[in-house]
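Read through the structures below before going on.
Two complexes, one shared chain (chain A), two partners (chain B, chain C).
The block that comes next holds the complex of A and B.
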C-alpha cells in the first residue's frame, strides 16, 4: 500500500486550520509512528487516510487513487482506523458482536469471520471475554476491543490513535506483539503515540508533526538526534536517549545495549 | 511524630458482582503533606483503592467491605461521600466519568461541587476564576464541557476537584488524555500544591515521573500491599519486575555501569544524577 499526500490542507468548519500543506509518502510494511503535541494535527492527518475527513485543499492518493473517488465505507476495507477514545467506537452489547459487525458489513464470508474471530481474540487476549459487555471491560481492555474489531476486517493498513494511553507494562507488550504480528502479515501499521519509549522500541519510521505541518520524517535515529527541532515540537526523546545526549554521546541510542556500546566507544577514545 | 491523615488497615473489598476480591489486604498510612504514590499492574486494585479513599467504595460501588479506611480521623464507614469530599478529593482516571452532565458550560461545571456545598455566589465566582487560571482553562469557561478535547476535559476534571479545596488530593492516572508537555504542566501544579502542604496520593504508570515526585511508594499486586518504601529502595529492588513494574531507565544505566565496574554508588532514579554518573564513569 502507498499513501501519498500532496500539499494536504484541512480547515474545520469552525475555521480552525488543522493541516497547513502536508506532503508525505508512506508505503511498504515498515510500521510508522506519528508523534507531536496535542493539537499538532496528528489525528486530523490520519483521518484522511480512509476518508473520514476529506481534504479542504490538496490531495490524498491511496495506491494512486484519489481518496474522493470512494466513500469511507468503501475505503475502510483497505484502511482501518481505531479511534482514540474507545467509547466513540464501541456501540454493541458484547465484544463478539463488536468483532463481527465490521466483517458482516463488508460481506465477509461466515467461515472467514470465524477464522478471524479466533485469530483476533487470541491476538488481543480477549478470548475469555468475548461474551462480556464492552462496558464491563477496563479502559485498557476496551482499547484492545476497538483494536480487535478493526483487525477483524482484515484491512491492509491499520491506524492506531494513541493505543498506549493508560497501558501498563503488560499492555504495552500486548501492543508490541500486535504491531509485530501485523507487520509479519504484510500489513502497514500507522500509530499515533505520546509514549516515546514505546515509539523507539517498535518503530523505525517516525514522523513528527508540529502546528499542522510535518516537521521531521525519517529513520527514528535520525529524527531523535535533532534535539533542537524536536524542542520546537515539544517532543522529548525517551530517558535513555536523553541521558546519552546530555553525557555527550554522538550516536543516538534507544536501549541499554546501544547505550553501553556507545559508552565503550567513547571510553576507548 | 508526623500527623497521619490517611490510615488504611487490612482493607478488603469485593464488588457486588465480582468473583474475587478487588482489594485483598491493603494497609498503609499517609502523612500530612506527603507525596505518596501507588504503583502496580492494571487490575492490581489501584482504582478501587482510590474509590475507597473517597467513600465511592462502598457507598456508590457497593459490595463486601472489610477492614477500615480512616481519613483525617474519621472512618469512612461513619461518614458520607459529601462529608468526605471536603477533606479528600479524587481526580478520576477517565475524566468523562467525572463530568456532572448537567452543566451547560465549563464555569458551571467547575462550580457544580461548590453549589452542593452551599458556597456563597461571590466566593464561588472567585474560586472559579482562580482555578480556571491555575488549570489554564480560563479561555474555555463559556464552552460546553461535551465539546472539549480529552486533554481539556482532564483539566476541567482536575479543576472541579481542586476547587473544593480538599487537604488531600487523590489522582488516579489523571493525565492519560494529555500530551507529555500538558502532563508536565499538570504535575508542576500538583507539586506546587504539595509544597503548600496539601497531601497528594497519586496512581501513575510513568515510573520516571513517580521516581521524581514521590516521598514514598506503595506497590500493589492482586489487591495486596506488597511493600512501601522510598523511591530509591523500591526501584533498586530487582524483585519489582515480578509485579509487572519496570524501574526507570536510569536504574538500568547505573546497573550496567556497575556490572562493568565503572560505578559503585547507589542506583539513580532521576535524569540529572544519572547524567553525572555517566560523565564521571567516562573519565574514570
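The block that comes next holds the complex of A and C.
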C-alpha cells in the first residue's frame, strides 16, 4: 500500500486551519508512528487516509487513486481506522456482534468471518469475553474490542489513534504483539501515540507533526537525535535517550542495553 | 475540540443584548396569544413577524429550515386527520369520493400548527440568541434555585451534545463500511440502532457532570454564592417585558370581546 499526500491542507468549518500543506509518502509494511503535541493535527491527518475528512486543499492518493473517488465506506475495505475513544465506535450488545458488524457490511463471506473471529479474538485476548456486553468491559478491553473489530475487516492499512491511552503494561504488551503480527501479515500499521517509550520500542519509522505540518519524518534514531527540532514540537525523547544525549553520546539509544553498549564503548576509548 | 456547548453563536445583534430573563416572556406572550385567539390570523401574523425577527437576528437560514422541516409534515398530518375526520366538518372543500375534505377541520389543523410554530419559532430565536450560561445566571439572580437553574442548563445542553455525539458515531460507522448516504429508508435503517447508545451516553454524561459539580461544592448550603456570569437588567428590558405582557393582555381582551360577539 502506498499513501501519498500532496500539499494536503484542511480547514475545519469552524475556520480552524488544522493542516497547512503536508507532503508525505507512507508505503510498505514498516509500522509508522505519528507523534506531536496536542492539537498538532495528527488525528486530522490520519482521518484523511480513509476519507472521513476530505482535503480542503491538496490531494490524497491511496495506491495512486484519489481519495475523493470513493466514499469512506468503500475505502474501509482497504483502510481501517480505530477511533481514539472506544465509546464513539462501540454500539452493539456483544463483542461478537461488534466483531461481525464491519465484515458483514463489506460483504465478507461467512467462512472468512468465522476464521477471522477465531484469529482476532485470540490476538486481542478477548476469546472468553465474546458474549459480554461492552458495558461490562474495562477500558482496556473496550479498546481492544474496537481494535479487534477493525482487524476483523482485514484491511491492508490499519490506523490506530492513541491506542496506548490509559493502558497498563499488560495492555501495551498486547498491543505490541498486535502491531508485530500485523506487520508479519504484510499489513501497514499507522499509530498515533504520546507514549514515547512505546513508540521507540515498536516503530522504526517516526513522523513528527507540529502546528499542522510535518516537522520530521524518518528513522526513529534519526528523528530522536534532532533535539532542537523536537523541542519545537514539544516532544521529548524517552528518559534514557535524554540521559545519553546529556552525557554526550553520539549514538541515539532507546533502551538500557543500547545505553550500556555505548557507555562501555566510551570507557574503552 | 468541542467548542461551545450551546447553539448560541455570537452575532452581535440587538436581540443578544436583551436580558435573557426577558426573552422567556415572548414564548408565553406570543405562544399563548396565538392559542387563545379565535382565528388563525394572529398566529400567522406572529409567524411572519418571527421570520422578520429571525432575519434581523441573522438566523434566517436555520430558522426557515426548522420551521419548514417541522411545519410541513405536521401540517400535512393534521390536515389529514382533522380535514378528513374532524367532527365539526360541515363545509366540504373537496370531495375525494370515500372521504371529504372539510373546511372546519382544515382551519382547526392550521390553528394548531400556527400556535405550535409560534412556540417553536420563539423558542428557537430565544435559544439561539441567548448564551445559556447567561440565561441561567439571570434566572438564579431573580431568585430561582441554582439547582433548578442547572437542570434547565443541562436539558438545554443535551440536544446539541447528542447531535455532536451522533455525528462522531456516524463517522465511526462509515469507517466500518456503513454507507451513510443513499435513500432515506437506508439512512433511517442505519440511524436507528445508534439512538440507544447516544441517548444513554448523554444521560450518563449529564449524571457524571452533576457529580463533579457536587464535588466542587455546587449544592453547598448556608453560603452566599457569587456568580461568574454577570447579568444586567436595563430599562429597555423592563419596557420590553411590559410590552410583551401588554400584548398578551390586549389579545386576551380582544379574544373575550370576539367570543362575546361584541366585535
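We adopt the following convention: the second predicted complex is superposed on the first by the 269 of 269 C-alpha atoms of A that agree within 3 Å, B and C clash if a C-alpha of one lies under 4 Å from a C-alpha of the other, contacts with A are read in each partner's own complex, and residues count from 1 in each chain.
Everything that follows uses one rule, which is that a residue touches a chain if its C-beta (ideal position, glycine included) is under 8 Å from a C-beta of that chain, and two chains touch if they have at least 3 such contacts.
Everything numeric in this text was worked out from a predicted model, so none of it was measured.
Visitor: Following the superposition defined at the top, how do chain B and chain C come out on chain A, clash or fit?
Guide: The answer is clash.
Visitor: Quick check on the superposed pair: does A:243 touch chain B, chain C, both, or neither? Answer first, second, both or neither.
Guide: Only chain B; A:243 stays clear of chain C.
Visitor: In the superposed arrangement, does A:140 touch chain B (first), chain C (second), both or neither?
Guide: first
Visitor: With both structures placed on chain A, which of the two partners, chain B or chain C, ends up touching more residues of chain A?
Guide: Partner touching more chain A residues in the overlay: B.
Visitor: With both complexes overlaid on chain A, does A:116 touch chain B (first), chain C (second), both or neither?
Guide: A:116 contacts neither chain B nor chain C.
Visitor: Is A:165 contacted by the first partner chain B, the second partner chain C, both or neither?
Guide: first
Visitor: Under the stated touch criterion, which partner chain does A:220 make contact with: chain B (first), chain C (second), both, or neither?
Guide: neither
Visitor: Would you sort A:193 into first (chain B), second (chain C), both or neither based on which partner it touches?
Guide: A:193: touches no partner chain.
Visitor: Figure out whether A:252 sits in contact with chain B (first) or chain C (second), or with both, or with neither.
Guide: So A:252 meets neither chain B nor chain C here.
Visitor: Just chain B (first), just chain C (second), both, or neither: which does A:88 touch?
Guide: Touch status of A:88: second partner only.
Visitor: If the shared chain A is used to align the two complexes, which stretch of chain C, 163-171, 217-225 or 253-261, clashes with chain B?
Guide: 217-225
Visitor: What residues on chain A does chain C touch that chain B touches too?
Guide: Comparing the two interfaces on chain A, one with chain B and one with chain C, the shared residues are 87.
Visitor: Chain C touches which residues of chain A in the complex?
Guide: Interface residues on the chain A side: 14, 50, 52, 71-73, 76-77, 80-81, 83, 87-92, 101-102, 105-106, 149-150, 153.
Visitor: Using the touch definition from the top, list the residues of chain C that touch chain A in their complex.
Guide: Residues in contact with chain A: 3, 165, 168-169, 171-172, 174-181, 193-194, 196-197, 201.
Visitor: Can you check the complex and tell me which residues of chain B touch chain A?
Guide: Of all residues in chain B, those touching chain A are 41-43, 93-94, 96, 149-151, 173, 176-182, 205, 208, 244-246, 248-250, 252-253, 256-257, 260, 271, 274-275, 278-279, 281-282.
Visitor: Would you tell me which residues of chain A are touching chain B in their complex?
Guide: The contact residues of chain A facing chain B are 37-39, 84-85, 87, 138-140, 165-171, 194, 196-197, 234-236, 238-240, 242-244, 246-248, 256, 259-260, 263, 266-267.
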